[in-house]
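Structures for review follow.
What follows is a pair of complexes built around chain A, which joins chain B in one and chain C in the other.
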Partner chain A sequence: MIMETADQAAQNPGCRRALAELLYQLADDELCLGHRDSEWLGLAPDIEGDVAFSSIAQDEVGHAVFYLGLLHELGEESPDRLAFFRKAEERKNAVLLEQPNGDWARTMVRHVLYDAFDDVRTEALVNSSYRPLARGVAKIRREEHYHLLQLKPWFIRLARAGGEARKRVERAVGEVWSEAGGFFSLGDEEEEMIRSGLIACGSEELARRWEMRVKPVFDEAGLTWPGLPPAPGKDGRRGEHTEDLTELIRTMSEVVVTDSAARW
Partner chain B sequence: MNHDERHDRFMERLERGEKIEATDWMPDEYRRLLLKLIHMHAVSEIMGAFPEKEWVPKAPTLKRKLAIMAKVQDEMGHGQLLLRVAEDLAAPLGKTREDLIDDLIEGRVKFHNVFHMGSPTWADAGVIGWLVDGAAIINQAALLDTSYGPYARVLKRICAEESFHMQHGENIILALAGGTKEQKRMLQEAVNRWWEPLIFFFGPVEVTPAAQRMIDYKIRTKTNEELRQQFFNKYIPRIRSLGLTIPDPDLRCDEKEGKWIFTEPDWKKFGEIVRFNRGPKSQERIGLRRFAHEEQRWVREALVRSREKQPV
Partner chain C sequence: MRKATRGDALMEVLQAVKDPEIPDLSILELGMVNRVTEDGGEVKVELMPTFVGCPALDLISRDVRENLFRQEGVKEVEVKFVMDPPWTSDRITPEGREKLKGFGIAPPRDRGADPMDIVPECPYCGAGEGEVHNLFGPTACRSIFYCKNCRQPFEGMKPV
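Coming up: the complex of A and B.
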C-alpha cells in the first residue's frame, strides 16, 4: 500500500511502528557519524582534506535532520528534542558508528564500510511504500554517491601505499570488523518493515548486497577479504549501546541541557 | 634595465593603480612584506578555526550545529586559498607549503591575538562570529584595493563568506540577548572577555615603519586607527542596542574630532602573547595543528607514494 502522508501511515499502527523504527535507525546512524566526522574539523592530514571531509560531515547531519523531520511529522517530538534529549537506550544507531574515530585510517575504513552499507540500504528504500521517505532518499543518494567517490580512492590509496599506511589500514579493518555486522540488523520490526513495503529487502539480503559492493574495493586495495562480519555483540538497533554513545550524547547536549526550555 | 629603473617602473605601475601579478617582477621588499602579511592572514584563518571548533560538538540545536560546522569549514577554506597565494610568493625564496605550516608550529609566524584567547562558553562562539569576524571583515574589506592582484581576488571571495559568518554570529547573539537571565549573563561575560583583544586586533595607533612601507607600496591603504574607528562606529551602537555594556568606562565619542576615545589595551601583554605564543590557549592550539601536521605526515606521504605508483 502506498502511503503519501504521515496521516495515512498512522492509520495502521503496526506499519507506523515499523516506519518509526526504520527512521530512527537511519537518523541515528547519520547523526552519530556526522558528529564523529565533525571532530576532525581543523585536524585532518591536510587542509584540502579538512575542507572536503567537513562537507561530508555536514551532509550526514543534514540527512539526520531530514529523517528526524519525518519522525516529527509522524507525531514524534521535534527534531532537536529527538537529537539532543533521547537517552542512549532509546537510540537505534549501529554500535560501530558511536565509537571514537581513532586515526585517519580507521576513520576512512569505517566510513567506506558504512557508506557502502548506506548505499545498499537507501537503494532498498527508493521504492518505499512511504513516499515522503522514498523521495528524500532519492536526493540523499545523489549526495552519498559523492562521498563514496571521494572516500573510496582515499581508502584504496592508503592501503596500496604500503608501509605504515597499509599497516594502519589492516589494523583498522581488524578492529572494526567485529562490529560492522551491526549495520545490517533491522531490529525487532524487520518483518513488518518488509510486509508493509517500507524497505525492499531484509537484513540478510542487505549484507549480501553490501559484500558485493565492498569486496571489489578490498580487491582493488590489495586487502584480504575477511568474509562477512559476524553478528555484533551489541545490537544498536535494539537499543544496546556502549559507554561511547553515552559520552557522545553528553557532549552533544552539554550546552542545551543547561536550560532545556530556553531558546538557543 | 638596471635595478633602480625597474623599481621606478614598478612604482609607476602602482601609481597608475595597476595590479601586480604573481609572475610580474617585484622588488624583494614588496615580496617579503606581502608574504609576511598573507602568511599571517592564512595561518590566522587556520588557527581561527580552533576556538569555534571546540563548540561544534556542543552546538545546542541542529541548525546551529550545521551552521557552525559550515563556518569552521569556511575558515579552513580561506586558509587554503591564502596559503596558495602565499606559496607562489614564497617559491622564489625556496619555501614550500610544508615550510609555511612548519613556521606556524615552530613559532616563526605570528597569528592574530584573538585566536590565542579562550572561548569558555557557547556565548564566546557567538561573539567570535559577530565581533571578531566583524572586525576581520573591516580589515579585509580595506585590503580589497591592495596592489597585489591574486590577494585582492581571494579577499573578494573571503569577504563575501565572512558576511555570512557575521550573520551566523549575530543570530546566536540575538537568541542569547533575548533569552533568559543566565543567557544574558553569559553573553555579557563573553563581550567583557573579547573587548580588549578586539581593540588590540587592529594594531598600534601609531603607524610603524613596516606599516608605512605597506602603505607606500599600496599593499594597504588605511591605517590601523582608521580601521579601529570604523569598527567602533559600526559596532558600539549595535552592542549597546542589545542592552549590553562595553567594559570601558572611558569610552566616549568626541564629537568635535569625530572619533571615539577609548582606553588603550595592554599593548605589552598582547604583544608578547602574539610574539611568544604565550596566550592562555596558544600552546594548546598550536599543539592541535602540530597533531594535524606532524602526527599525520604518514597520510600525506602515503598519498604521494601511491601517486608515484600509479601508471601515468
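Coming up: the complex of A and C.
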C-alpha cells in the first residue's frame, strides 16, 4: 500500500512502528558518521581532504535532519530534541559508526564500507511504499554519489601504496570487520518493514548486494576479501551500544546542554 | 502588452530573494521554486532544496516569508521544502548561469560517462581544458577545478 502522508502511515500501527524504526536507523547512522567526519576538520592530512570532510559531514548531518524531520511528522519529538537528547540505548545506529575515527586509513576504510552499504540500502528504498521517504532518498543518493567518488580512490591509493599505508589499511580492515556486520541488521521490525513495502529487501539480501559492491574495490586495492562480516557482538539496531556512543552524544550536545536556550 | 497578474507580482517578490552565498543570484534563477499558490491572502511556496543539508535553507525560507509579508493582502505564508521533483543542477536558468559565471563560479555541465568528467568551462577565460582539483569546495554544492589555459583555480557547481 502506497502511503503519501504521515497520517496514512499512522493508520496502521504495525507499519507505523516499522517505519519509525527504519527512520531511526537511517538518521542515527548518518548523524554518528557525520559527527565523526566533522572531527577531521583542521586535522586531515591535506587541505583537500579537510575541505571535503566539512562538506561530507554537512551532507550526512543534513540527511540525518531530513530523516528526523520525517519522524517528527509521524509525531516523534523535534529533530533537535531527537538528535541531542535521546539516550544511547534509544539510538539505532550500527555500533561501528559510533567508534572514534582512529587514523586516516581506518577512517577511509570505515567510510567506504559504510557508503557502499548506504548506497545499497537507499537503493532498496527508492520505491518505498512511504513516498516521502522514497522521494528524499532519491535526492540524497545524488549527493552521496560524490562521497564514494572522493573516498574510494583514497582507500585504493592507500592500500596500493605499500609500506606503512598498506599496513594501516590491513590493520583497519581487521579491526572494523568484527562490527561491520552491524550495518545489515534491520532490528526487530525487519519482517514488518518488508511486509509493508517500506524497504525492498531484508538484511541478508542487503549484505549480499553490499558484498557485490565492496569486493571489487578490495580486488582493485589488492586486498584479500575477508568474506562477509559475522553478526556483530552488539546490535545497534536493537539499542545495544558502547561507551563510545555515550561519549559522542556528550560531545555533540555539549553546547545545547550547557545552555538550552542558546541560539547559534 | 499582457497585464501584470498577481502571480507575476509574487514571482517578482521571489526574484528579490537571493542566495545568501551568491547575492546576485535569486532563488528563481537557481531553479529552487517549484510552485507558488495563493488563496485569499494565504500564500504557499514550495521550494526545492539544492542540497538536503544546505545551511542556507533556513535563511532562504525566512527571506521568502519576510518579502512576501511586505506585499499588500498577504496574511499567511507557508514555505515548504519538497523533494519531488528533486532539484537538479540543470534547473538553473540561463540568466542564473550567466550570473554564476559573473561571480567566478562555473555553471554546471552535463556529467559525462566517466564520473570524474565534470570539469566545466573556466568562468574567466572560457577554456574547456581544466581538471578536477577537489571534488569538494567551500560549499557542498561546489567543486574546485584548475584551468590549464589561464592557470588558475576556479570554483564550479557540482552537477547533481
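As a working rule, the second predicted complex is superposed on the first by the 258 of 264 C-alpha atoms of A that agree within 3 Å, B and C clash if a C-alpha of one lies under 4 Å from a C-alpha of the other, contacts with A are read in each partner's own complex, and residues count from 1 in each chain.
The rule is short, and it goes like this: contacts are C-beta pairs under 8 Å (C-beta built on N, C-alpha and C of every residue); 3 or more make two chains touch, one makes a residue touch a chain.
Since the model is a prediction, treat every value here as computed from it, not as a measurement.
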Q.
Under the stated touch criterion, which partner chain does A:85 make contact with: chain B (first), chain C (second), both, or neither?
A. neither
Q) Once the shared chain is lined up, is A:164 touching chain B (first), chain C (second), both, or neither of them? A) first
Q: Determine, under the contact definition given at the top, whether A:65 touches first (chain B), second (chain C), both, or neither.
A: both
Q) Is A:55 contacted by the first partner chain B, the second partner chain C, both or neither? A) both
(Q) Output check: A:104 vs chain B and chain C. Expected answer is one of first, second, both, neither. What do you get? (A) first
Q. So which one touches more of the residues on chain A, chain B or chain C?
A. B
Q: State which residues of chain A lie in both footprints, the one left by chain B and the one left by chain C.
A: 48, 51, 54-55, 58, 61-62, 65
Q. Which of the residues in chain A come into contact with chain C in the complex?
A. 48, 51-52, 54-56, 58-63, 65-66, 131-132, 135-136, 138-140, 142-143, 145-146, 149-150
Q) What part of chain C is in contact with chain A in the complex they form? A) 49, 51-55, 82-84, 86-88, 115-116, 133-140, 144, 158, 160
Q.
Looking at the complex, which residues from chain A come into contact with chain B?
A. 35, 38-39, 41-48, 50-51, 54-55, 57-58, 61-62, 64-65, 68, 79-80, 83-84, 104-105, 157-158, 160-165, 168, 251-256, 258-259, 262-264
Q | chain B residues touching chain A - in the complex, by the definition given at the top | A | 46, 49-50, 53, 55-62, 64-66, 69-70, 72-73, 76-77, 79-80, 83, 122, 175, 178-180, 182-183, 288-289, 291-292, 296-303, 305-307, 309
